[in-house]
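In the two complexes below, chain A is the common chain; its partner is chain B in one and chain C in the other.
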Partner chain A sequence: MFVAKNIQSDHKDLIHDVAYDFHGRRMATCSSDQTVKIWDLGEDGEWHLTANWKTHSGSVWRVTWAHPEFGQVIATCSFDRTAAVWEEMVGEKQHDGSLRTWLRRSSLVDSRTSVTDVKFAPKHLGLQLATCSQDGIVRIYEAPDVMNLNQWSLQNEISCKLSCSCVSWNTSRIHSPMIAVGSDDTNLSAGGKVQIYEYNDSTRKWNKVETIARIADPVYDLAFAPNLGGRNSHLLAIASKNLKIISIEPLRRDSTLSGQSGLTKFELKEVAEFNEHEQQVWRVSWNVTGTVLASSGDDSCVRLWKANYLGSWKCIAILTGDGSPQETDRPQFGQLQGNQSAGGDRSVGNAGVRNLPSGIMNLRRNTGWPSFNTKKDQSNVML
Partner chain B sequence: MGHSSKWRQSNMAERERDLHILWLPGTASCYGLQATWGMGNQLYVFPGRNPILQEDGVQAHNPEATEISEVRWDTDMHDKLIRRLVNQSHNIFMMLQSQAADASSATLKQQLVKCSKQYRSVMKACSMDLLEASDNTADEMDIERFQDQLKVFEMQELIWSLCEILFIDVAPGGRILIPLLEWLRRHFPVGFQIFKDILQQEKPEEHREYWECIYRLILQGEVEKVRSLLARHPARQTDCFLSMEELLKKMPLCSSNYKGSSLSEFEMKWRHWREDCERRLEEGDFATNKYLETVARILCGDNTVFSHLRDLCQTWYHMLISKLLYQNPTVKANDLQYYTQDCLDDFRCDGMLGDLDNILIAVFEFDSHQVLKECSGFFTSFWFAAHLTDLLHHGGCLKSHRLVFGSDLREYLLLDYAASLMSHKSLWQVGVDYLDHCPLFGRSYLEQYIEHMSYESEKKAVKLLHICERRNMTSQVKSICKVMGMRLLHNDRLGAALTWFLKSKDVAFATLVAEKFLTQYSDKGKFDNLDLIDNLGSSMLLSNRLTFLGKYREFHKLYEEREYHAAGHLLFSLLTSRLAPREFWITLLKDALGLLQLRELVYGSKQTCEMMHCLEELTKDTKHLEAGKQTTDLSELQENISLLQVALTKNLAKAIVTEGTVHPS
Partner chain C sequence: MSSSCSKTMSCNTEGQVNSIAINRDSTLIVAAGRSVFKIFSVDEERFIERLNLRVGKNLNLSYSTLDIAWNHFEDNILASAATNGAVVIWDINRHQRNKQEFVFQEHKRTVNRVTFHEKEHNMLLSGSQDGSMKLFDIRKKEVGVEFCIGSTSVRDVQFCPCQLSYFTFASADESGNVLIWDMRRPDRVEKQFTAHNGPVFTIDWHPEDRTRLATAGRDKMIKVWDSAKCKLTHFIQTIASVSKIRWRPMREFYIASCSLLVDSSINVWDIRRPFIPFATFENHKDVTTSIVWKNDDPHILYSGSKDCFIYQHLFKDAKRPADLLVPAGLDISTQGIISHACTDKNEKTQTSSGRPFFKKNPGRSEKFLEATSYLMTFCHPEESLSMDWFVISAQRYLLTGRPLEDLLDHNANVAHELGRHQVAQTWEMLKTLYCTNLPSTVVTGHPNLHQQRTISVSSDKMDTTLVKEKSDKVGKGARHKSKADPEDKTLDVTSGGSDEEISDKEMNERNLSNIARGQINPPTDWDIYYGGGENSFLDFNSLADMENNKQPLTLPTEAFHPRHEIASQTRSLEHFQYVTESPASGNEGETSTGTGNTNPYASDKETSFPILTADPLALQFPEWNFKNIVIDMMKYHAREFDVQTSACMLIVLGNRIKSEIDHQVQENWLLSYIDLLGRFKLWSIANEVIKLSYPSPVSHLNQQSTTVHVTCNKCNRQLQRSGWSCDRCKSVINICSICHQPVKGLYVWCQGCSHGGHMDHIQDWLSLDPQCPAGCGHFCEYT
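Let's look at the complex of A and B:
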C-alpha cells in the first residue's frame, strides 16, 4: 500500500467531499469555500483541474455524480438551504486547457434549513435524487425528461421527525426502491437514528419499514453496499458512536397483516461492530464490489475493513496523517525495519521489504503482518 | 507436532497485535481524515471531518488541509516485468480450466503435473528477468526493489515445488525421498558451488572448505561427488580412505539402480549396508581421520552429528531430509510430519517461527488449507495463493469447505487476484477470464466492474460490449451503448449516437435522435449522416419516428431519381398513415407542392381530397404551427398554406378531368 500521488486541491477552505464519477476518470471536490472543482484524469495519469466555480452561498457539504447515461451531471447540497443540479456544457471541446462550463440546471429550494446530503438514485430508477435536511425531511426529486434537466419535480416528501444528516439508496435491482436515512439528533431517547423507507409502486408513497432502535446515538453517515447480483440481503454500514455493519434481509411479504399495500418484513442482523475509532465515526465508503469498507472517525484515521474468507470482518489497514495519536507508532515501525537488517534476531519483517519510506506499507491480509527472519531464511534460499 | 501447532498459534496471536499503519506524508490529521473509494484498489484520502462535527470558525488556508492523496495497493502485478507472469500464468490457468472440465481423472493428474511445472517455469523466467533487470540498472532503489521481488519469487518457488512433490506429483510407491532430495539440491546449491570451486584447484585437499564441502554434499546424498573429492586426496590409498570409498560405493542409492528393485529388497540391502557402516565405525576404521569419522557417523544416521552440523544444513527442512536419508530412507509422505519437530528443536533459538517455516510445516502436515491461508497472508500479491489453490483444487487436495459467503477458498482468492487486475488499464482483460471461472460471484463481480470501467475510446467500448454480449449481460450492454450514445449526442454527433442506440435497441433514444435529425432537416433543409439513414434497413422499425425518418429519406431519393409516382405515393402514405409527426406535416405538404406542380398527374382526386383534409386539420389545430415560431415564420407559413390550398385545388380539378377522361361515367 502506498501513496501513488498527491493532488493539491487549492480549495480556500476545508474539503467536505470528494466524489468520483462512475468510471473513475473524473473527480469533483467541494468545500467550505463555496466552490466545486472538477478534475479530469489526463492521458499522463495526472489529475487536471478542468472547472472551478462558485456553486452556493454557503459551505458545500456534498457533491455527487449522476450516472454517465444521463450525461455529465452532478448535484450539490449546501448550508445555504438549497441543493443544485449542474450539467457540463459540451459542444466545442476545449483543448487549450481553458476551463469548461457547468450550468446550473436546477435549484432545489424546498428546504428551509441546511441541506445535509444529496444522492442520485441507482440508474434503473431513472434520474431521481434524494436530499435530506436538518429539519428532518427527505425529499425525492425526479427529472422526467432526461434530456431536459431544467425540470425537476418534487415527487415525495418524507418527514423523518428527526434532524437528518445522511441518506443512502439501496442499489438492488430486484428489491423495490429503498433508502436509509440517518439522523444526527443527539437526544438518545428520541429513538433509533436510522430509518429505512421503501417505495410502494401502487400507492406511490414511501413507507417507513424499519427504525433501527439499537442505534440511539447520532449517525453521521451511512451507506448501502453495492448489491451483488446473487446476494439476497443488503449490507448497510453506519457511522455512529462506533462503526456498525448491518445486514437487512427481506422476509416474505406479510399479506395477511397489511393487505395489498403490504410492507416488506425484514430481518436485521448486526454483522460487525467496531470501536476502534475511539469516538465518533463520521464517514463510511464501500468499494465497487461491496467487499471492503473504508471508515473514518475521531481518531483521525481511515480504516479499511474486509471480511476474511470465513466471513468475519477485520481491519486490514489503517491510514493516518501528521500529528495523529497513531503517529507515535510510526518511528517504531521504522525501527523494526532497522533491527532486522542489523541483527539476526527474528523481528517483524516482510517478504523482502527493507526500509519503507513513509507513505508505503504492505497491506495486511487475513493473517496480518508476516513475521519471519528475512535475513536468515532468505540467505538460505538460493537459486 | 502438537508442539509445533502451539508455536504457530502464539505466533499468529503475536501478529494480530502488530500495527499496520500507512502514514500519509503531507496530510495534517488535526483537520481529520476522510476517504472515498476510487475504482478497484484505490482510495482517495483527504483532510476534514464530517461537517456536522466541524467546529465553528475553523478556517483552513493551510495547503496541508486541502491536499488529496491517492492511495493504491495490490499493484505488484502492474509492474512491467511481472506483467509477463500475469499473462503467461493466465494462459496456463485457462488451459488447466478447460482440461479439468473434460479430462478423466487419470489424464488429469498428468495435466496437473504439467501445469504445475509450467507455473514454476514462468516463475523462474520471471526471476531471471528480475535478475537481469537488477544487473542492468544503477538505480539503488530499483536494485533494491528487484532484489526484494527476486527473494519473493525464490520463496514461492520453494513452497510451490514442495507442494508439487507432496500434493500433485506424488511419487509412486511412497518413495518420497527421491524428489525431496532433488528439491533440496535445487534450493541449497552452496555445496555444489564449493564442489565446482574445489575441482578447479590444483590441490583440492588444501581448499579451505574441502571437508565442509564433503559434509554438505553427503548431507544431500551426493555420493558420487563425495567420492570424486575423496579420490583427489593424496591420502586416498590409506586404509581409512579405502574403507570409506568402499562404503560409499556400496551405498544402496535411492536413485536409479534402486528404482528397479522392490521396496523390501531395497530395505534389506539398506539394513546390510547400515550394519556394515556401524561395524566399520566401531572397529575404528576411521579413527585416524576425524573428518572421515564424521562422514561415517552421518552415514550411520547419528543424531548428534546432525545437530553438530546444524549450520551446514542451514534450515530445519534441510536437516529433516538429510536425517531421513540416513535414518529412514523409505519414509512415507504421511509420516514426514512426525520428524519435523526434532529438527525444529535444533533450530529453535528464540522460540519464534517465521511465516515461511509455518507454511512449510503445514505442507509437511498435508494441511493444504493452512498452507493457503498462510500463503495468502504472507505474500503481498494474491497471484501465488490464487494459482496454487486452483491447482490443488483441481487435484482434489482441498476438501470442499463451504464458507460463510457460500463461496470457497479457491473462489475467494481468485476474486481477490482478479480485483488486483481489474484496476489496471490493460490487465483487466485477464481479470475477466479469472472472474469467469468463479462460479458463484464471478459474474456479479464482473458486472460491477464493467459498470465502473471507463471507456474513453470507441475501441475500448466495443471491446467491453463484446465481453458483455458473449456473457449475455444485457443490462450492461444497454448501459454502455447509452453512455456512448449520450456522450456523442451531447457533442452533436447524431449519426454516431444513433448507431450506439441501435446496437442496444434503445427505442426512446433512437426516437430522440430521429427527431433531432428531422429538426435538423427542418432547419437546414438537408440531412447530415446520409449514409447511416440510407442504410438503416430493418433497424428503422425500432421506433415509429425512425421508420418515418428512413421512409422520408427514401422519398427524397425517389424524388431525386425522378420516380415521381413512387415518391408521391410514399409521401401520401407517410401523411395518411399518421406515421409522420404532426409538426412535420407542413414540411411534407410543402414537399408535395413540387409534385403537384408537375405536368403529369401524380395524385388522383381521392388522394388529393385526403391531402386537403390533412391541410384543413393542420390549419384548424394551429398550436402545432405556432409552437416556438416567430411571427415572421407564421406569415411565411400562412403563405405556404395558401399556396398549398391553391395547388391542391388545381390538382383536384386536373384529377377529376383526367379520371373522367380515362373512365367516362
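Let's look at the complex of A and C:
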C-alpha cells in the first residue's frame, strides 16, 4: 500500500529536524553532528545526497527552506547561539564533480543562548525570519533587499519570559501576521507554554494577544495549519506531553470601542487532544492543504490525524519506521505497517564533509522559481 | 563515598576569580584573582573563609594573580603567577600578616601558569608570556633550569603524572604548538606538533594514560592526542574559545572544559561522542575561569568564575543536555511524502545484554553513546495525503474557451473520474443553476409558458434521478454538506433533492408532478418555493394564489424587472447567437470584458448574468437569487481546504459571481491557488489562472518583470520611451532596409552586417537577390 524507505543518513549523531523544500523535491536534514545534509529526489525516486557540510560549531536544531523565489536558501539554528542563512550557488565544477556549493550568506549572532528554532515567514510577508532562543527572546529579522542575503536587519525583539523551543508563522494572507511561540520550560507553574503574538501594522510592534494557559507541560514543537482558503479560525498543532490541536478564532474587533490600540480578541478552542504517543510528542507537521496532521513521539511512530466531516479528529494511520512489530490492539491499521523495501537500504558513498572551495567563480543564483521581480530585472540590465 | 555527604554549594569571594587550587586532601581551596586572594575551608555545608592573603600596606602587582598552585606535599606552601612576571611563593603558616615568602622576578612578562611537580615538591615550573619556562627550586630560591621556545608566548605548562613519566612535561604556546620536554634536557624538545590554529590555552595529561594528552585553544576545539605518535585521536568542537580543560579522574573518556568568552557553563564531555556534553554545570553567571576536580573523586568539581563565586559542583546535580534533546524530525512534502527521523532504539537489545558489572550508572553513560537516528521516508501512506487529485484536476479542469455549460460539464466529469463526487456534484449544480434553461430558449424563440414548463420540469426530473443515483454514492459527503450549511438545502432541492430528508424530496416531486399536470401556475409557485424557501407545502395553493395576486404589485418594485421584459427577446437572441456562432471565444470575450474593472456594466447585475437574464423562464421569477447560495458553497469549499474548487469556480463563473464576493476573499483564493500550483511546478496553469483572474493584484502578477530593456544601436543609451526611437540621437532605429519604416514587431536582421527589416520584406528581397538590401554588399545569411 505504501513504501517505507530507509535512507542511510550517515549523520554521526541524532537528527533533530528534516525539512522539505517548497516543491517537495529536496530535503534537508540537520543533526547534532553540526552538519546539514541536502537530499535531492532523483528521477529514480530515490533521495540522493547532494550536499553535506558543517554548518555550526554546535548541535544544529532546526533547518528550514525559504520560498524558492528567493533562491535555494535554507536557514539553520544551533546550540552555538547563532542562526545562519545559506544559499546554494551553482559555480564551476568542484573537485568531486558537483556544480553546487552552499555558502553562508549571513550569521545572526544576536542571541546570547542557544537558538532553538528558525522559521521563514510566509512569502507574502517578504523575506523575513523568526528565531527564538533559550533565553526566551523571539527575534524577527528581515532582508530589506531580497537580492542581498548578506544583510538581515533585526526588526523586532520579543521577550517571552520563558525559554523558547519553537516558533511558527500563521500562513494566512488575509489576517495580520501572527506567530505562535512554544516554551520547553519544565516548570509546570510557570504559566501557559504557548504564546500567540500578532503584528500591529500601525505601531510596527508584535503584541502578545494570547497565552494558552491550559498547556502547562513543556512544548517541543508547534505548527499552524496552512490556511489557504482564508478560514477565519486558525488551527495550531502543539507537541507537548500530548498532542493538542487548538483552534484560534479572532472575534470581530469592535473598531469604534477599542480603536487602534485595541488588541484583537481571540476565542480559543481545544479541538482535539491525543495521548497515543506513549510519553512525549516531539514534532508535528501539516500537509500542504492543512487537512492531515502528522506527529512523531517517544514511541518512534508517526501518527497521522485527520478530521472527519463533523470536525472531530481521528487517527488514520500509524507508521512505524524501524520495522518493529505494530501494537496489536489496532488491527485496522495493520496493513499500514512499514514494509522495508529491499532496495530501500542504500548507502551513500560520498558522505564525507565537503570543504567549501576557497574561490568560486561564475556563481549564479540558482532558483527554480520564475521571478516576478521588476527590480531584479532592472538591476540585471544595469549591470 | 565522600560525595554522598556533600552538596552543591557556592561562596562569594568578592572579587573576580582567575584561578583556584585545592590542597592535597581537598580540605582547603584558594581563590585568587586580580583583586582577591582568599583561602576557604571546604565544609560539608559551605565554604568558610579562613585566610585573606591580600593584606598589607603595599599591595603591588605581585598580589594580582593569574594562576595559583598548591604544593602537593607541604600544605602551607602556595605559588602564584602574577601579571608583572613575578612568581610568588606563599607560606600560609608565616606569622607575619604578609604571607609572601619569596618573589621570583625572573620572568620579564606576565606569567601564565605555575605548577608544582607531583613528587619533587620543591620543583615549581612556570610558563610566561616572554616565551620561557623556568624550573624553580623553591627551597634554594633559585632558578634551576630554563627552557626557551623563542618569540612566542607560553600559555600552559603541565607535568605528566609522575607515575607515568617522571620527568616529562608539556608546554603549549600561542602559535598553536605543543611541545613535550624532559625536564632534565632544556636544550632539546622531545616532541613537537602543531595542535591548533591560533593559541593553545590549555593542556592536560590524562591521569591514567600517559600517551593521552588533551589540548584546547582559541579555535574552539578540544583535541585529544596520542602524545607518543603525535596523532590526533579525538576532537570536540565547542561553541567558544576554551580556557581550561581537566580530565575527569578515574574515568577514561571524560573531560571537563570551560570557555574563555561567551559561555559561562562548565561542560563535561565524553570524547567518544564529541557533539553533546555529557553533563553541564550552569551555575555561574559569568565565564568560568578555573576548574579543578577533587583529588581522586570524579563526583566533585570545584570552579571559580568572573562572577566572583566559587562553586563546589556535585556531578549528580549536573544538567544532562542529551536528555533534553528533541530526538525526532518530521515533515510532509508537497506531494505527501512523509520523512521521519527518529532515535534508533534497536540497540536496546544490546544494552540489556550488556555488562552488568559495569562500574557506575551503566544505563546513562551507555545510552549516551547510543545516539544515532534513522531516517525514513513514507510514500503515500494515506490516500488523504496524496495530492494527485489536485495535480490532475489542475491539469484537466477547463476554465475558459468553451460555453459555460460545457465547462461545467467537463469539470464535473473530471471530478467524477477522480472519485471526488461531492465536487463533481457541485459543478453539476452550477450547471443546473446557470445552464438548465438554455435549451428552452434555443427551442422557442417566443416564450411559450406551457412548453417551457414541461421542458424545465422534465430536465429537473432528469436531474432528480441523476442526482439520486449519485447521492447514494456520495452519501456522507452530501449529508455533511447540507448539515454544515443550511442554505445548501435549498440548493440541493433545486437540483432535484439530493437531500436525505425524504419528505422534502417527496414534496418536491409532488410539486413537480403538480406542475407537470398544469394544475398550478408554475412560475409563481416556483418562485415561492425557492425564493421564500419556506417549505410550507401544505398551504401551497393558497400561498400560490396570494402570490398570484401580489405578483403584479411586487414585480414593479424590482428595479430591473421592466427593463428585462423589454430586453428579453433581443437579449435571448443575442445570447443564442453568440453561443452558436462562436462557442469557443464566447466565454473568453465575456471574461475579458470583466477583466477591465472600468467596464461600466461590471457592477450591473443584469450584465453580470447574461444567461440568466436572457432566459425567459427566469423572467417569470426573478426573485430567486441563488448567488448567495453559490457563494456560500464556494466559501464552504475554501474553508474545507479545497481552495482549488473555489478558485476554479470563481474563474469559470467569472462575471456572474465576481461582483458578489468580497475582493479580498477572491484575491486570497486565487493567490492561494496560484501558490499551490507553484508548489507543483504547474507554471502554465498558474499563468492561465493569473490571466483569467480579475482582481487586479492577481492579474498583474504575470505583468511584472516582462519588460525587455533595449539600448539604441547607435549610441548605446537605454531606450526610455519606446523601442524604436532614441531620445538622445533623435533618430528612429531599427528601420527596415527596404521600406525605411520603423519595424514594430518582428525584426529580422543579418548578424553579418546587422541590416534587416520586416520579415516579409527581407524574405521577398532575398528571394531575388542574395546581397544585402541596404547596399552594403554583404551576402546576407539568415538561418
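Annotations
Keep this in mind: the second predicted complex is superposed on the first by the 303 of 383 C-alpha atoms of A that agree within 3 Å, B and C clash if a C-alpha of one lies under 4 Å from a C-alpha of the other, contacts with A are read in each partner's own complex, and residues count from 1 in each chain.
One rule holds for everything that comes next: a contact is a pair of C-beta atoms (placed from the backbone, for glycine too) under 8 Å apart; a residue touches a chain by one contact, two chains touch by 3 or more.
Keep in mind that what you see is a predicted model, and the values were worked out from it rather than measured.
Contacts of A:G71 after superposition: chain B is touched, whereas chain C is not reached.
Once the two complexes are laid over each other on the shared chain, residue contacts for A:M147 go to chain B alone; chain C is not touched.
Touch criterion met: A:I174 reaches chain C, while chain B stays clear of it. Once the two complexes are laid over each other on the shared chain, residue contacts for A:K205 go to neither chain B nor chain C.
By the document's definition of touching, of the two partners only chain C reaches A:S57; chain B does not.
Once chain A of one complex is fitted onto chain A of the other, the partner contacts of A:Q34 are limited to chain C, with no touch recorded for chain B.
In the superposed model, A:R81 lies in contact with chain C only, and not with chain B.
Within the superposed three-chain model, A:K269 lies out of touch with both chain B and chain C [touch as defined at top]. Of the two partner chains placed by the overlay, only chain B lies in contact with A:V90; chain C stays clear of it. Of the two partners chain B and chain C, it is B that touches the larger number of chain A residues. 1-9, 11-20, 22-24, 27, 29, 31-32, 59, 61, 123-124, 165, 173, 184, 220-221, 228-231, 282-283, 285-290, 294, 296, 300, 302, 304, 309-310, 316-317, 319, 321-322, 324, 368-374, 376-378, 381 are the residues of chain A that lie in the contact sets of both chain B and chain C, per the superposition on chain A. Every residue of chain A that touches chain C in the complex is listed here, in rising order: 1-9, 11-20, 22-24, 27, 29-34, 47, 57-59, 61, 79-81, 112, 123-124, 165, 173-174, 184, 220-221, 228-231, 282-292, 294-297, 300, 302, 304, 306, 309-310, 316-317, 319, 321-322, 324, 336, 338, 368-374, 376-378, 381. Listed in rising order, the residues of chain C touching chain A in the complex are 220, 237-239, 262, 273, 275-276, 324-346, 371-382, 384-385, 387, 390, 476-477, 480, 484, 635, 637-643, 646, 664-665, 668-669, 671-673, 675-676, 678-681, 683, 701-702, 704-705, 707, 709, 718. By the touch rule above, chain A contacts chain B in their complex via residues 1-20, 22-25, 27, 29, 31-32, 59, 61, 67-72, 90-91, 93, 116, 123-124, 147, 165, 173, 184, 220-221, 226, 228-231, 239, 280, 282-283, 285-290, 294, 296, 298, 300-302, 304, 307, 309-312, 316-324, 326-327, 329-330, 332-333, 345-346, 348, 350-354, 358-374, 376-378, 380-383. The touching residues of chain B, when paired with chain A in their complex, are 11-12, 14-16, 18-54, 58-61, 63-75, 127, 144, 147-152, 154-155, 158, 187-190, 314-315, 318, 349-350, 352-357, 373-374, 376-380, 403-406, 409, 412-413, 419, 440-441, 443-445, 447-449, 451-456, 475, 479, 482-483, 486-487, 490-492, 512.
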